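Chains: A, B, C, D and E, in written order; residue numbering restarts at 1 for each.
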Amino acid sequence: MSRFSGIVIRDIRIALRSGGAWLMGLVFFAVFLSLSAIALGGEFKTLRPLAPALIWLAVVFSLLFSFEHLFADDADDGTLEHIKLSSMSMHIYVLAKICAHWLLSILPLILALPLAGLLFDLPVSLLGGLFISIALASPALVCYGAFSGACLVGFKGGGFLLVLLTIPLVVPVLIFALGGVISYADAGLLATEFQALLGISLIATAVGIPATTAALNTITE
Amino acid sequence: MSRFSGIVIRDIRIALRSGGAWLMGLVFFAVFLSLSAIALGGEFKTLRPLAPALIWLAVVFSLLFSFEHLFADDADDGTLEHIKLSSMSMHIYVLAKICAHWLLSILPLILALPLAGLLFDLPVSLLGGLFISIALASPALVCYGAFSGACLVGFKGGGFLLVLLTIPLVVPVLIFALGGVISYADAGLLATEFQALLGISLIATAVGIPATTAALNTITE
Amino acid sequence: MTQTAFQQKTSMLAVTNLSVSRGEHLLIDGLSFRLAPGDTLWVAGSNGIGKTSLLKCIAGLLRPEGGTISWNGLDIYKSSPTDTGYQGHQDSHKPNLTAIENLQFWQTVYKSSLKTDDVLEKVGLSAQMGLRAKNLSAGQSRRLSLARLLMRKASLWVLDEPAAAMDVRGRKIIRTLVADHVENGGCVLIASHTAPEKIGANTRVLTLNGGEDVQV
Amino acid sequence: MTQTAFQQKTSMLAVTNLSVSRGEHLLIDGLSFRLAPGDTLWVAGSNGIGKTSLLKCIAGLLRPEGGTISWNGLDIYKSSPTDTGYQGHQDSHKPNLTAIENLQFWQTVYKSSLKTDDVLEKVGLSAQMGLRAKNLSAGQSRRLSLARLLMRKASLWVLDEPAAAMDVRGRKIIRTLVADHVENGGCVLIASHTAPEKIGANTRVLTLNGGEDVQV
Amino acid sequence: MGMISFLANPLRFKKFARIAAPIFGVLALVLIIAGIWVGLWRSPEDQLQGHSVRIMYVHVPAVWIGMMAYAAMALASLFAYIWRHTLADELARACALPGAAFTALGLLSGALWGKTSWGTFWQWDGRMTSTLILLFLFIGYMAVWAGTTDKRRAARIAGLVAMVGSINLPIIKFSVDWWNTLHQTSSVSMPDAPGLPPSILLPLMLMTFGYSFFFGWLVLSRVLNSISKASDRRQRPAAASTTMETL
């Protein structure tokens, strides 16, 4: 087994053993949508135009909380020190953690999307746009999130501020994604917003992974 | 110093030493409102009618996650065992933890409310209703959250269950609170919804504290 | 009333036909013993044999599978007595509070009239008083957990490897503290991997053996 | 090239003028020593004197205040060598994975060709293979962290109180493992509060309060 | 109460369950078949809703049994909590999965019915939402059991969850009064139960009793199953022998 898949498998196994903790994001997603629908009056007429925004907010917030523990557990129990002492490069570790996290947190959301559509009685074209925008933006979200998670671990107190710094990064993602959902009906996959999302994701991955590695390396110094 | 204040002071001290982590709820509150405003279009005209619901959702979600660690830290490091062996009654411990949590998580939200009102350009009457509904409902939210937090101790999977266990109570609170915000303009403090909230809070406190104690006692069995 | 007073003198801790299990694992079966004031009991046995589990049962932290544990005639799982001091494998400090703040917290919980400075002095931690618990060395952290034990007036001490991570001086401190305690009429249970020493008038060794013999 | 090969034989670990500090506290100042293949160094000293800090520095986990640590001629804080095995105070297991699953993870990280079963057997943990790490006793957990150390091919072992929580048989296991390791040309640093024993041909004791380097 | 203390003995319970379970099973089968037959072919269609009104014979008993299952679970938990009776824990635990299944059936059939009569599968209406929450509570209860290997603790926590969660039952009941809502108790087509014409009441009652016996059968077999599994586990490795010596 390669190291990469070793880490991915370990993380998935821990998640499955955690008594459902990994479903947390999904549950939050469902609860967020249900509570929002209830709080906003419960009428389809008022809810339908808000639905794409609500679904995207649900995605963002259900992810937001998952990053706190992404690296913290390995750091607290000393696993990270042993990883650092091994011959494995920290990049592989970070990449594998991010992939495992994608599988455990984003994939269930994407799969649950049709149900969310049902709850708000959304037309298929909107659903398609949501699907594509989430898929395209997810690398960016996961990489930003991983970076803030690593900052929280590496800089203890100061990490809090760094997390605040990553939020401005979420704003453009949100704006392009919601724009894309609308444009998709006419422009299909070629919507310019989707290209922007793809670009953001590429940049976030290219910058995020080294930055995360650097933040984690501060722990052992 | 009494035991009660001893625990409250300890918890506040630990929070202040945590490098800002205790402000997480407040930050989430702010981020939630800003991102929602952006995602929903950013026009005061569309936002204003949604504002009470959004603010209440922000309160609920910013609290929801804070309960995961309310008792987990004391349980994981063995402090709870020593508390159990002491002559102090577990009820005092639970009550003190709840009060400390109220001070650390709800109070900042209440203080930040005027700012949130500014963000959405809310009239004072709505703001007053929000203020009263949050204040009245907060004992219910905190007690019920504490109970879920206590149930989860030792489960790792924490948050997932927490959400499942807490929403049944949150739904009626949300409905009455939002109803109260509207009624407040005409009926003032005497709005029936406020009476309902008060009732829920009383019941939640009366049931929640013993139930939390019972859940914590299982740890040592 | 006289009955209880009498019992209190003849036997403080009575363990009868105790069985302890963890998961599907029956660790201890049909164990009975008594400890009177001034008694010390060393619990020996190899790793994983059940020392910690036994100690937790006696402290009231793990409900046994069967049998009774009574303290001054009352079943501890029915009456929760409050004069048991327990030191487990975990040190249970708040990492971001200083040594003295950690101890002050327990002082208020125990409503203790002892001075925190004096107690820290006793365990040799005066110099580290203002250090956050997370910055204490392993042995210093262990000393702080010993200080918590001293903070309360407990007649039964249940110590799970108190000497772990301790240097020579630290071990001497523990020995003196335990000797003082039994002299004043307390009982002590100690789980340990070091050779048992005679402390106080009546010192016994309970060896847990998992079928196979263990040579010391 | 020949220079390096030569150094590799004469001195694997070279610590020069090392100073280590924690917070405002200067723990070690101007320490120098060398370890060659087959050498064992016991690090002794009272609680909080700086043993753990020194070991972490040498393992590459704590940047020293001054001085250099080099391994086969290369400064470890510049080149991050990867043949150091470290066992700290923490056991670092995932509580919800079983003993063998924890070890399998490290097997893939270390790309080790050793069999996990064999390694667990070596540390006497075969029977607990399928138990979740959180259910292991203190000594069993310590054995599992020893198993992680064995899983990799490290020439320098840095062991921080490996015998903590271990029973007699466990301590014997550690002794044998260390003896084997130095016989095969490895170096070992051990921090410990028990009396140092002679292991391998060249065993020395570094006592931290005086800074003497005593031959055993 | 007499019945409860009589059955509290595991052996007596086993004897009772061995006899009662098959009877319940057969009764369930007969009643449900009869209910389906009467409901589909022997009851009138509704003037407004047409044939889709027949979904009621699935929907209404399903949500009723779902709620009843939760109540039973909470009661058994209370009993187990106070008297530390493991059999009651098993009973409560056995209620969860069937209860969740009936609740899910109620939700599904309600959604289908909603599509035919309101033109939508789902609406954020009070009763529907609180029924969804009932399902969440069942899942939460089961997740507590699944989330720990320590059975004793799981039982106590799950019991507390069941008891505290029972506040959701009155919420389901009264939600129609709190929300201005689609799901009315006596709406276009459905007058209050007592006023129902016998042609509708009969299949409804047949299905309700059929579901009840089906539920009873499921619970009893699940408890029997877990009791026998527990007795299989009894053979355990020998415990440590102990020696005591004086120094």
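In this text, a contact is a pair of C-beta atoms (placed from the backbone, for glycine too) under 8 Å apart; a residue touches a chain by one contact, two chains touch by 3 or more.
In this text, all values refer to a predicted model and were calculated from it rather than measured experimentally.
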| item | value |
| --- | --- |
| Contacts common to chain D and chain E (chain labels) | A, C |
| Shared interface partners, meaning chains that touch chain C and chain D | none |
| Higher-contact pair (C-beta pairs counted), A-E versus A-D | A-D |
| Farthest-lying chain, centroid of Cα atoms versus that of chain E | D |
| Reference chain A; chain at largest CA-centroid distance | C |
| Chain B-chain E separation of Cα centroids, rounded to whole Å | 31 |
| Distance from chain C to chain A - Cα centre to Cα centre, in angstrom | 47 |
| For chain E, residues contacting two or more additional chains | 129, 143, 147-149, 152, 179 |
| Of all residues in chain C, the ones touching two or more other chains | 23, 45, 63 |
| Shared interface positions of chain B, touching two or more other chains | 18, 155-157, 160-161, 164, 167, 171, 175, 221 |
| Chain-chain contacts as defined at top | A-B, A-D, A-E, B-C, B-E, C-D, C-E |
| Footprint of chain C on chain B - complex, ascending | 1-3, 6-7, 10, 13-14, 17-18, 77-79, 81-88, 220-221 |
| Residues of chain E that touch chain B when the two form their complex | 81, 126, 129-130, 133, 136-137, 139-140, 143-144, 147-148, 152-153, 156-157, 160-161, 163-165, 167-168, 171, 178-179 |
| Sites on chain C touched by chain D in the complex | 22-23, 45-48, 52, 89, 128, 131, 135-140, 142-143, 161, 164-170, 193, 214-216 |
| Chain A to chain E touching residues, read off their complex | 18-20, 34, 37-38, 41-44, 47, 118-119, 121 |
| Chain D residues within the chain A interface of the complex | 59-63, 82, 84-86, 88, 90-94, 96-97, 101, 105-106, 108-111, 148, 152 |
